[in-house]
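Chain nomenclature is as follows: A, B and C, assigned in order of appearance, with residue numbering initiated at 1 for each chain independently.
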Amino acid sequence: MRLRIEHRTHYEFSQPQRRLVQLLRVTPPSFDGQAVVDWHVEVDCDARLKRSRDGYGNEVTMLYVDGPIDRIALTVGGEVLTDDKAGMVQGAPEPLPVELFLRPTPQTIADAAITEFARDIAESAADPLSRLHGLCGALWRQIRFDAGDGNPHRDAASTFADGHGVCQDHAHVFVAAARVLGHPARYISGHLWRSDGQNVQPAAHAWAEAWVDGYGWIGFDPANGASPTDAYVRVAIGLDYRDAAPIAGARVGGGAETMHVEVAVAEAIQQRQSQSQ
Amino acid sequence: MLSRTAASLYWLGRYVERAEFTARLIEATIRLDLLSARPAGEGAWESALAVVAAEDGFWFTGEPVSPEAVGRYLALSLDNPSSIRSCLDLARNNAKSVRTALTREAWEAINRAWLGVRDVRVSDGTPAALAMIEKLKAEARGFEGALHRMLRNEASFFVRLGAAIERADNTARLIDVKYHLLLPEGEKVGGPIDRDQWTTILHTVSAVTAYRWLYREGLRPGHVVDLLVLRHEMPRSIAASSDEVVQMLNAIGRMLGRQGEADRAARIRQQMLNRSTVNGIIAGGLHEFLRGFIADNARLDFAIGQQFRFQ
Amino acid sequence: MRVPAFDEVWGSAGPDASREGFEALAAWIADTPPHELNRRQQAAEAAFRQLGITFAVYGEDEAAERIIPFDIVPRIFAASEWRNLKAGLEQRVEAINAFLADVYGPRRILRDGVLPAELVLANPQFRPQVAGSRPPHDVYAHICGIDMVRTGPNDFFVLEDNARTPSGVSYMLENREAMIRLCPELFEMFPVEPVDDYTDLLLSTLRSVAPHGRGSEPVCVLLTPGHFNSAFYEHSFLADAMGIELVESADLEVDDDIVWMRTIDGRVRVDVIYRRLDDDYIDPLVFRPDSMLGVPGLMAAYLGGNVTLANAPGTGIADDKAIYSYMPEIVRYYTGAEAKLPNVETWRCREKQALTYTLENLDKLVVKLVDGSGGYGMLVGPTASKAEIERFREALVAEPHRYIAQPTLALSTVPTLTEKGVAPRHVDFRPFCLSGADGIRIVPGGLTRVALREGSLVVNSSQGGGTKDSLILADRPRRRGKTTVPEVAPLRSGAD
């Protein structure tokens, strides 16, 4: 597919801020099955942008803004060509060894309930791949999607106990369960084109990847119960949300902030279907 | 010098000054209360609350206005951010975070004052309160002395700058409240209660003797205003405090080799005071003058914070 | 229970037969009346209290400010003892830095299977955020405190490596200051190596690792969590002695990947940050987002090569107690030689056999939490109650990977002033090693911690430990001069 993405984040502050510093992980990499045609990061005020790569290989943009400032809008987006690789991820930057992704983090600790749930699924599956697919499907059935749960600091155990969450909560539970079964697993942030016509969404998407010997990294989207297809654009990876979140920010100036996110993912309109004869 | 260090020193100066002023206010109010017949005594404690803008805070405690309750609230209450104890807590915290910028002598004066207040019990009564106030005043004098013995460097300038800004504010509030203080029904202006109230103000700023030296004609409100607003030789007057602000800003500016908005604002204020006369002030409305000054002082405080990047 | 131990002055034979070379100190101890020692000790402690050399004790209701007890009887190392220690320390610190450069770089040691990859990679102290980047001049652990214990004349062991933000060096310096004033005769009797140039060496170490191209006078600062921190005195002491700014997070700001410090005269660019803040708290954008401490963007400046952090983020992986047990292999791997300083034998309870052994011998072993410090979460089997042992047994069975076990060592003792006169007390030793772009520097000295309770092996200040001065003797002959015991030895103002 040729996907056009427009990811807008708009902040308003109750009082003028003296400075803003933000760390953005918003630029997708190119690899087998995902080619970034063009991409831009824009801010609607004077700002200094610095690009670099983090330890996971994610492209990072640091954003520095001087105040006084009481609102700011960030627009990132561009065009990406995608192929359906049945969730297999190859050719992406992988600076870290697979074993790292066995490490639980505070948000991805498997408690007794998650561990038992994971073991039950593992018993009924013949091989690692079907085990992980089983886990993905079971979590999709088990954890109801609830757009009202927007707490980025929630951990896997509370999501599992509550039985509902948003996509990042599903991803955290999947990662926790996969790791407790001995599969390296990681958190992915990115975008999803929806076939139901819901082209504008109030947040970016999140899913997970697990390592299977013989296959490599494979994507699983437990919020949708399936592996990623060419409708997915993969942006950043990490041990959990904290490492891969699109924006981590700090501001100096007190008061409160309100944030509004809008993500539009659409099929890009081809300028020319074919060369005119 | 780090901006935070400068801010801590400046606020150290303000908090020590505020603690000392509140101590003097309590002392003078006890005196007024003892001298006067009821209900003037009660009025004395209400006006003490008004001077430090603590009426609302005290009202929230739900206690009746009594010498014990108000005295406790002003001196020891941790619910009152401007109580002596709160001020000394804050002063000591500021001092602690900039320990290396202070001399040991200056630090020890603050630490002793803090220890002295920390150990006072609520139930100890008036003699204990007066004893504590005496001790605190002595420590405050010790701190001032230590400051003057410190190197003439930015550190001592910022403490003295904070103290001068605070002092200007306190003196203005003190006079303003007297202006508002209603005499009990049936009392005459110039009568004994009125006189006691003016004397109390002089006591609060240790100006009784100075007043006698400067004005031979007995107690007159106009003279008191003249002394506390315009007399440069009276250390706690608004004019003297404003002079000190200008001097300290000058001294800092010389070290940095630059000046800014705060310097300009402080000089304009000083010139305004130099041009003023007591008759002019009273004719234009003392209350309006003082309110204007207090607002000006707050603006100057803000300009100082901006100029030296306190935040 | 009493552990029969080697005494560093009196040997194993007791006060009447001192070790060879230590006769003079033994005589000084015998000849100085206890009340005189007591008087001097109190004078020293009074001075420490006035200086505010305090620390906060965790777990007490009000973060009480206490001074760490000081013991007036010094500890002495012979020149030859120090030479051996120093060579071992240099080798160890070199290996620590090589290990860090490797695990955050090519990870050869993991590929070569010297230690289990998972032990490093799955360890929370391994920071993926800095993997693949190199600190300026490739130095990671600029300041290391290596905790040593001794069990015999030539038996020194490393108990723990501290490669994050080791503290205690201010005690080394202040204790020496007090000893020179209170016991000047000792410095006439012995040719003592000076320690007072530590802060100069620290400053030149920090300057040597400034980012390239920052000139000959790079701006160094010391970053403290603030005056509520238990080691704040040390932070202000060191900043003051080096003549650099003592900054808190709020004093720094990052702009365009460059660190600036906010001063009354405008922004000043910062090149080197000696940070006394754990990794978790240095940058809320990268590490703990809920941290009120920290400088947003600091990691971007660091990864961009625009500022040096000392120690570098991620050094915690080198002093992790689980990694510790592999240090002999790590030293051999990077230096090509056997470790000059041995480890204490260690059972990794994550390994089944080790766990079984540990559970069977809990009453004889010291059991430690892998991620604990300061003597918290530690079992000393021989002195523990039955209930304590049972509590640890349960904890071990539940989470064996969190524990290691070591034999209860008969730590050496040093004569120490007690209520009943001078008596032997157990000690350890923390020398401080500085690694700069131009090599390793170790000041001849360190912090001796002493367990003041009779028979106790726990030297941590939070658990009733005190400190002593540690005198390293020079190879040169002692200075000529009259030895006098001063009548009164005033220590700064109001000492008595």
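Note that in this section a residue touches a chain if its C-beta (ideal position, glycine included) is under 8 Å from a C-beta of that chain, and two chains touch if they have at least 3 such contacts.
Here the structure is a predicted model, which means the values were calculated and not measured.
*Asks:* Have a look at which chains touch which and call the overall pattern line, ring, star, complete or other.
*Replies:* line
*Asks:* Going by the touch criterion at the top, tell me which pair is linked by more C-beta contacts: A-C or B-C.
*Replies:* If we tally the C-beta pairs in contact for A-C and B-C, the bigger total goes to A-C.
*Asks:* In whole angstrom, how far does the Cα centroid of chain A sit from the Cα centroid of chain B?
*Replies:* The separation of the two C-alpha centroids amounts to 58 Å.
*Asks:* Calculate how many whole Å lie between the centre of chain A and the centre of chain C, each centre taken as the average of the chain's C-alpha atoms.
*Replies:* 42
*Asks:* State, to the nearest whole Å, the distance from the C-alpha centre of chain B to the C-alpha centre of chain C.
*Replies:* The answer is 48 Å.
*Asks:* Pull out every residue in chain A that's touching 2 or more other chains.
*Replies:* none
*Asks:* Got the chain C residues that touch at least 2 other chains?
*Replies:* none
*Asks:* Could you list, by residue number, the parts of chain A that touch chain C in their complex?
*Replies:* Listed in rising order, the residues of chain A that touch chain C are 19, 21-23, 48, 50, 52, 54-56, 60, 62, 64, 66, 95-97, 99-100, 102-103, 153, 239, 242-243, 248-250, 252.
*Asks:* Mind pulling up the chain B residues that touch chain C in the complex?
*Replies:* Its residues touching chain C are 1-4, 6, 93, 96-97, 99-100, 104, 154, 252, 256, 258, 308-309.
*Asks:* Using the touch definition up top, name the residues of chain C that touch chain A in the complex.
*Replies:* 107, 110, 117-118, 121-124, 126-133, 253-257, 284-286, 289-290, 296-297, 300, 303-304
*Asks:* Quick one: in the complex, what on chain C touches chain B?
*Replies:* Chain C residues touching chain B: 50, 52, 226-227, 236, 239-240, 245-248, 250-251, 261-265.
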